[in-house]
Amino acid sequence: MSVASPQPIALETRDLCKHFSGLEVLKGVSTAIRAGEVRAVIGPNGAGKTTFINVLTGIHPASSGRVFLGDADVTGLPAYRIARKGLSRTFQISNLFADLTVLENAMVAVHAGRCFRQSRETVDESLSLVGLSALADRLVSEISHGDQKLLEVAIATACGPDVLLLDEPTAGMSPSETNRFIDLLNERLRSRYTIVIVEHDMNVVMNTADVISVLTLGRILAEGKPDEIRTNPGVQEAYLGSAYA
Amino acid sequence: MSVRTALGVVALLVLAVMPFVTGPYAVFVCAQMITLIYIAASLQMSFAYARILSFMQGTFFGLGSYVACVTHGSGFTLPVMLLAAVAASGVLGVVVGLVVTRMKAAHTAVICTLLVATIVLMCANSFVGITGGEDGLSLRGGSYMFGLAVAFGANRITYCFAFLPLAAYFIFVMLAERTTFGVVMKAVGSNEVRAAQLGYQVWLRHLAVFAAAGGMAGYGGAMNAVVLEHVSSALFDPNLSLTAVLWTAVGGLAHPFGALFGGLLVFPLTELAARAFKYVDIVVGALLIAAALLFPQGIAGLVGERRLGHFNRRSSKEMLAEGPEGRSQTA
Amino acid sequence: MDFSYALIFQTFNGVVWGLIFALIALGLSLTFGLMNLMNVAHASFYMLGAVLTAQFVTRLGLGFWSGAALATISVGGLGMVVNRLVLARVVDSPPVIGLLATAGLLLVIESSTLATFGAVPVSVDPPVDATFSIFGVDYPGYRLVVAGLAVAILIVTFLLLRFTRFGLWMRAAPQQRELALISGVSSGRINTATVIIGSLLAGVAGALVAPIAGAHFQMGSSVLAVAFTVIVVGGAGNLWGAVVIAILLGVVRGVAAAFMTPSEAEILSLVLLLPVLLLRPDGILAKARS
């Protein structure tokens, strides 16, 4: 994506570290994501991708380093305040309000948003964005796994974020669901949000990302456009392996 | 209207007309039952909206009783007695809530409420000069409400004081169930992590709920003192909280009406059993075991609770140990 | 009786009580750590240990030691039955269910005890009459024997968990439930063993307490919250932590009792635990262990 004047930075980490009682999971991650960018974070299992998201969103406090959301330093803020500053996320394993209906999940999310003018329209809009309007009155526990993942996206967007973190959004989806998700991201989400997507499925990554960061052993090994990453010998060795060599 | 709502409305209507069609004894029994339902309802509130299975709701109840008794003794009228009872137990709720709402693992919060309940019971038994110990204190005579004389004991007026706020609570819950307020309360109660990631300040909401639940149990306690004209340190016995847990468990922890149904079902049962059989706690205990073994879904509120149990176990272990992305392959 | 005399005497008492708490808390910690079950009925095992000992001694005329042994074994047997009937069925349910079921058990056991043996506290004569003079204080010999026995039992339990294959499985099971199952260990048998050891520990604690504090059907309630708090403060699943905190708690209570009435000291020792729960809700020793 060629942009004439560089967009401002939407999300930045500086030397971000996280260790769990001696186990170092993130060892100094520094990166800057520009507004409107779709950034994919890839890496083998155990690279620290989910921890990265959990530290960004404030579920785990960072051990050291800083996180900036736009101009604001959000390091160490509680999760709810980071969310209110415009950072929203989905969960790798669907983490919804299981005993509420699809519509009620969206209601909760819209109400949480900075815009408190709650209306039926905003709620409906968030569901139609991901194509779940028809299931509005079903209990979350009754809908399919793929639909739950879409609802994850719906409520993550309904609270009105600027930056959207998608933690393996297509994990467990069928190939056709995955393709629909790629379309959803490219056609509807890309234009509205700055997106960070953690993903294992290279098909999704290569078809959506503007920039890819490769995370291995808690460090960023490489960062660049998809073509650069695809041809980077270090990445091939460390991560892509035989599949892309 | 769901079956549950319909049953709830019927139950409330029956309780509403009860004092006007039956005799004094029935009024006495029902008034007592209603005050005890406050404990169960407040427990359900704390569990459903703040994720705290409180074993100290009986403590709030006992505190409310004593505060009502003491303020009456100091010459205050009924509104002051009731407000003071609610305020005192609400304040205790805030203090304890400050501790328990910060606890990540569900069991720690349970233990903390149990510990506070034990401490308060010991204090009540130890400072006999203030509490009257197991012999207790009496509330004599009556009081005034804005110039209107209110005689203590079980009568239609005290029955109304006991029943109307409880009925108002249940009706409010019923009406709010599908509103944004009701849905958000349920959501913040059922999935803390998700709610926080959407921008809800979960712990403050949980604290408010726990304090409100404390105040609610305190009001029930105050009315219990007014109806029975007596308070004693036995009110702080954890068994009272356990009884409330039983009622709520039988009726269902997931919905406010669970407390109402459980109370209406179990209280008469135990009262009857107590006539035939001296050691009625055996029956209560057996019912608890049976409820847990035979109708775990009834207790837990079907799907939601199953998921909650799973979530709780995750939150204690996985939240701390999730670091190395141990679960990334399970999806 | 001058002050230092009282202080030394009460400190000894504190250590003895701390060791008794440690026995109870260790049993509770085993069922909690290994089965993820908050066994509220554990307190009634302790109570039964004391009540049965008192009954065996006063009604059947048994000697104290044989009565205590018989009571402990009976409690262990009861633990087995209770596990089969109730605990095994709730062990994989949400924590709430296990909590309710064991709370029900507590009520059933307590009121059955009341129905069978009555509400009158029964006192038991200590089997050791002699007093020992330590630091100028005449201290009842029986309590020293209790302290020694408690230490011995704690050591034996730890050796059992540390050096037997069974103990290894018991320690492995909670961390790697699936793994333990794959390696062909029956989690049911581990749970049964856990409950039996837990109830034996509670039972023996009760039996040893009988000559010190008497036996009463409600005596379990007073240790329930203490034991639970001890295992949380000690770090859930951390057996040593629970034992250390229990002994510390006993000592604090003992020392405090030199300055105030025993019940005030008891209250104070519990109140002191509250800030700990607030500041380190996952336990003082939780971090140090991992």
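So that you can tell them apart, the chains are marked A, B and C in the order they are listed, and the count of residues begins at 1 in each.
Methods note: a residue touches a chain if its C-beta (ideal position, glycine included) is under 8 Å from a C-beta of that chain, and two chains touch if they have at least 3 such contacts.
Since we're looking at a predicted model, the values are computed, not measured.
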{"item": "Innermost chain by mean C-alpha position", "value": "B"}
{"item": "Furthest chain, CA centroid comparison against chain B", "value": "A"}
{"item": "Inter-centroid spacing, chain B versus chain A (mean Cα positions, whole Å)", "value": "41"}
{"item": "Gap in Å, rounded to a whole number, between the CA centres of chain C and chain A", "value": "49"}
{"item": "Length of the line joining the C-alpha centres of chain B and chain C, rounded to whole Å", "value": "30"}
{"item": "For the chain B and chain C complex, residues of the former touching the latter", "value": "53, 98-99, 102-108, 110-112, 114-119, 122-123, 125-126, 237-239, 242, 245-246, 249, 253, 278-282, 284-293, 296, 299-300, 305-306, 308-310, 312-313, 316"}
{"item": "Contact set on chain C toward chain B in their complex", "value": "32, 36, 38, 86, 89-90, 93-101, 103-112, 114-115, 221-222, 224-226, 228-229, 232, 236, 261, 263-264, 266-267, 270-271, 273-274, 277-278, 281-282"}
{"item": "Complex interface listing, chain A residues touching chain B", "value": "18-20, 23, 25, 45-51, 54, 57, 59-60, 78-81, 83-84, 88-89, 91-93, 95-100, 104-105, 107-109, 111-114, 118, 139, 141, 155, 159, 168, 171-172"}
{"item": "Chain A-facing residues of chain B, complex", "value": "180, 183-184, 186-187, 190-191, 193-202, 254, 301-304, 307, 319-325, 327-331"}
